[in-house]
Amino acid sequence: MDLDLQNYSVRTDLAIESREMAGRGQQQPIPGVQEDVEEQDGIRITRLNVMDEAGAQQIGRVQGNYVTLEIPKLREGDSGLQDRVSYIFAKEMEDFIRKIGVSPNAKVLVVGLGNWNVTPDSLGPLVVENLMITRQYFELMPDQVNPGYREVSAIAPGVLGTTGIESSEIVQSIAEKTRPELIIAIDALASRSLERINTTIQVADIGIHPGSGIGNKRRGITKEILGIPCIAIGVPTVCYASTIVNDSLEMMKSHLGKDTAQREAIMGMLNSISEQERLQLVKEVLQPLGHDLIVTPKEVDKFIEDIANIIATGLNAALHEAVTPDNVAAYTH
Amino acid sequence: MDLDLQNYSVRTDLAIESREMAGRGQQQPIPGVQEDVEEQDGIRITRLNVMDEAGAQQIGRVQGNYVTLEIPKLREGDSGLQDRVSYIFAKEMEDFIRKIGVSPNAKVLVVGLGNWNVTPDSLGPLVVENLMITRQYFELMPDQVNPGYREVSAIAPGVLGTTGIESSEIVQSIAEKTRPELIIAIDALASRSLERINTTIQVADIGIHPGSGIGNKRRGITKEILGIPCIAIGVPTVCYASTIVNDSLEMMKSHLGKDTAQREAIMGMLNSISEQERLQLVKEVLQPLGHDLIVTPKEVDKFIEDIANIIATGLNAALHEAVTPDNVAAYTH
Amino acid sequence: MDLDLQNYSVRTDLAIESREMAGRGQQQPIPGVQEDVEEQDGIRITRLNVMDEAGAQQIGRVQGNYVTLEIPKLREGDSGLQDRVSYIFAKEMEDFIRKIGVSPNAKVLVVGLGNWNVTPDSLGPLVVENLMITRQYFELMPDQVNPGYREVSAIAPGVLGTTGIESSEIVQSIAEKTRPELIIAIDALASRSLERINTTIQVADIGIHPGSGIGNKRRGITKEILGIPCIAIGVPTVCYASTIVNDSLEMMKSHLGKDTAQREAIMGMLNSISEQERLQLVKEVLQPLGHDLIVTPKEVDKFIEDIANIIATGLNAALHEAVTPDNVAAYTH
Amino acid sequence: MDLDLQNYSVRTDLAIESREMAGRGQQQPIPGVQEDVEEQDGIRITRLNVMDEAGAQQIGRVQGNYVTLEIPKLREGDSGLQDRVSYIFAKEMEDFIRKIGVSPNAKVLVVGLGNWNVTPDSLGPLVVENLMITRQYFELMPDQVNPGYREVSAIAPGVLGTTGIESSEIVQSIAEKTRPELIIAIDALASRSLERINTTIQVADIGIHPGSGIGNKRRGITKEILGIPCIAIGVPTVCYASTIVNDSLEMMKSHLGKDTAQREAIMGMLNSISEQERLQLVKEVLQPLGHDLIVTPKEVDKFIEDIANIIATGLNAALHEAVTPDNVAAYTH
């Protein structure tokens, strides 16, 4: 989880949230941004392509491809829905990998970012633990690997506080040694919105850009640095207390309806100031008291386990042709 | 954890919060309520005695004794502070048990309420796991038990959703069979306030009164029902998202200062309506969207472990005369 | 796990092991014991009915019905095999419950014996955690329970060392209060044989008879005491080091073939003394040095998790008519 | 854990076991091997220096320094003893590091080998989790690091089966990038003897030499490869079933006393054949049936946690001058 406490702003880790903020609610096309939305069975798929610098400026995200799955009911624990999400996620991953020009047999290194011992930050390591790993067979007995499998390795590099080494340094070292042709990094994110927590999966080909908060030593896991495509899979698992408050004030405005005068009466200036200013105020209120905690739903253990399982299952099916939705359970723990 | 979703109101599980709300900020004495506050080394101890029905009405809590430890810096992970809290908690527990007239050798049944598998609700089971249990020695070889130990047994009864049986039914059955002379029940609570989460320990002799939300079959773990004193130890480990929002609006009022007109300008009616009405509004805003999540700090794994250790260590020292602050580590896992 | 260290003998917890020892290798029928063996797809099912006292004497087991599943390859982690075992276990449980005359809608209390925190002893609690529990719905809204479900409750009572209360006392208290019509207790066992560890499931209607080692206070979970049928599901998860040695010496005899003189030459008296005497010798050798450890395979975490899942899945399908092999995944975590 | 199933022989991972086997019970000095034994308070310290090739041949270990702590009662859970072991381990580590010529401020990389999810193999990752890590402070704000601390980083590289990458490849990559001056690797070992399991800690400056079983790609974590000293800390946490049997037969010989004729009568040729031949026989007996399991004591969860804590505490005190036995608890989780 990459929480940059010093530099927090309305910036969000989710492209669809940036898109909403850019659109300010109106869903007009943004120049330089291709957008495609599909909905099936309670799963909303948004594919964004931020094509040029103008689009990037407009939407506040770097150029690249973004696919987001939103599944508002994912926290309800319906195993049928989980299977469907896993299936669709696998399909989207396959398309995504093809679309960004990675060959079907490219060697993949999966990186599970985060901390085993902090439940809302354990998504990456949990996914890695459930992947079907094959690189050792390709290394030791390449002739005997069945067709339909590609070379997959994985690492859970830990976090700076427990290793003393930046995750990106560790990944770079290993990538230099093992020469994968694609990196897929999984990370837990902070969300702007309570409802997105543990209900949203974002895939992007922009890699991981850690905050610049603690100096330029931190370099990230990106194509620019490593020379190979880096796909980031992110799931919001936490949010700031200030985010909840600010988010609720925004929702209160909607709740109160279109009569501006009435809203003004009830909410005063909170109705009219910009979201940025309002968040500033909320943070001022909360921070001096040490209140701007990062929080997670109380059912976090179960939610993280479920999503880790969805992502591992989906990746196993997406990465190995021989693994299909019907037999994937046999490959995923 | 006893979360009564249907019947939620401004009601809080913490007596000091009720006292603050009753006092509306002014710390005048409340008739029928004795109060004693002490502060040492970053630990604030509040002893409340709600002596009569008038006091109970005024403060909104049933008659009884309440001791609260507030340790604002407990989440910072300072092991020296944790040791001090453990020591003071042991001393307060000893005094409390004596004060409510329980004999020094009374047989104790400790009840760890909550769910192993839901981290913010696992406090009770975790404490039980670290207690020094002696009943089996008293039963099987009473002559050989060293002086300085009393008969202690413990149970973690699980939660309704995984057992199908009310915790209080389980505790009643076992108490009828094993005939303890004192019950001490440990439970995770919901707080009105983010800052109280995992920084506050409340001890009360009023037992556990589960909400009446799901029918009169639920009876509670109380002296009235069991005929023996029931001490409840509670630690807030979660709060509602709506609580965070409402709490922040209250803090915003303080933050904006004493100029009512200015506050009114910024916050509109949110400044003037009652806390109860405001909460109602916040809940209206959040609930239709399924937003009124219960949240916990992201570091919940570590926080719960630390507090469980403090409480288990303190109970071991308080319940067995032979266990002292100096040797307690040898008894507590 | 019920390990009676004082009273250990060649006695085993598995009826098929008793049967083998009684038969001394020859599979002739034993008077008073009905036997039926079936094998399918790598799963061997043995149904024993010890019908009278003579049979019980002969085989060294109390009268009752015993069904054993032996799955030698269960430790290999094949999820297809696990699914088949789960399915067959469900079918056998249904037949077993019917056969012992329990009505299809009888209220069931499932008891998960053992200790959460000792992996090879955590089978019972793990199964309980994954059951579909319904009693609360029958209690609170009996009109709204769909057909096809029966009333199931469950408890993991802990172990004497951490509660100070015998598991059987806890179960008795709860059974008196909640009045189930059938008890199903799950327990980890000690095996005489390494190969049986985590590859064998035994179902018996004789309840749980804890050793008499620590006094007559320990009474067991049996029909005699509780007045209702008590089914015990047992899985060997550990064995004594002395068992391994003795077992190997027995295997060495077979390995060395039929030439007694040769066996005598190689193994000396170890070839000719009775198994009981030999075990006595092995224990003498190991015990003074504190060597008679109880051991478990190093992959115990995975093995226990897999078997707990098989049993929970099977029980969910066996106990609720509406749960079938096809939809059981949706009901079992 | 490095278990080389194909190539198993009487070879053991513990130098003191090699020494015993070389000495065949007689404790005469071995040329080329310096030996120093000390005993205090139930802790036996053996310091071996295998000085030349002749000594290495004789004892069957590579040249280097070996320190072994044997604490037969460590499994009894006495926290006072654990503290003493931790203290002595810290002192021995400090001496060892000095003795092999590493400067007091040398940058250290600690490597926790093994698998998080396999309890008897989780020692390395558990130790790493409890270390005091400082490299990030030296990197980001070198001026502000208090005196008395050195630069320590750590990594738990996972195991080949879950990463697809040899641990040694991962460590080499990271060492090349971060340039430590000393590597300390912690690993769980297989023992020749049940009594050594979880009661023995070995420190050696020979690094980690993984078996050559799966090809020459596996290179090890050694001074030859990395150009810096590599200390290995090993604890036996498992043994083979065949080891238990063979070990017991050896003990049976001692148990039966000095009368060879009597031993011969009871044990036949098992008394006279060489240990190597006997083990071969035992393995023949066990292996065809898939019996040569690797086992661990049933209390493995607790034993591993205790030893991990001892080692982490000891390393924190040994590596940072500012951390002393009195304040170490504040630094070790």
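All chains are identified by letter, namely A, B, C and D, in their written order; residue positions are counted from 1 within each chain.
In this section, a residue touches a chain if its C-beta (ideal position, glycine included) is under 8 Å from a C-beta of that chain, and two chains touch if they have at least 3 such contacts.
Per UniProt, the chains are A, B, C, D = Germination protease.
Keep in mind that what you see is a predicted model, and the values were worked out from it rather than measured.
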Centroid comparison with subunit A (Germination protease) (C-alpha atoms), farthest chain
C
Set A-C beside A-D; more C-beta pairs touch across A-D
Centroid of subunit A (Germination protease) to centroid of subunit D (Germination protease), CA atoms only: how many Å?
41
State, to the nearest whole Å, the distance from the C-alpha centre of subunit A (Germination protease) to the C-alpha centre of subunit C (Germination protease).
45
So, in whole Å, the Cα centroid of subunit A (Germination protease) is separated from that of subunit B (Germination protease) by 37
Among subunit C (Germination protease) residues, those touching two or more other chains are 117
Think of each chain as a node with edges to the chains it touches; is that a line, ring, star, complete or other?
complete
Under the definition above, what is the set of subunit D (Germination protease) residues touching subunit B (Germination protease) in their complex?
78-80, 329-330
Quick one: which bits of subunit C (Germination protease) touch subunit D (Germination protease) in the complex? Just the residue numbers, please.
72, 117-121, 194-195, 197, 238, 241, 244-245, 248-249, 251-252, 255, 264-271, 281-282, 284-286, 289-291, 293-302
If we count contacts the way the header does, which residues on subunit C (Germination protease) are in touch with subunit B (Germination protease) in the complex?
116-117, 128-129, 131, 133-136, 139-140, 151-158, 160-165, 169-170, 172-174, 176-178, 214-215, 217
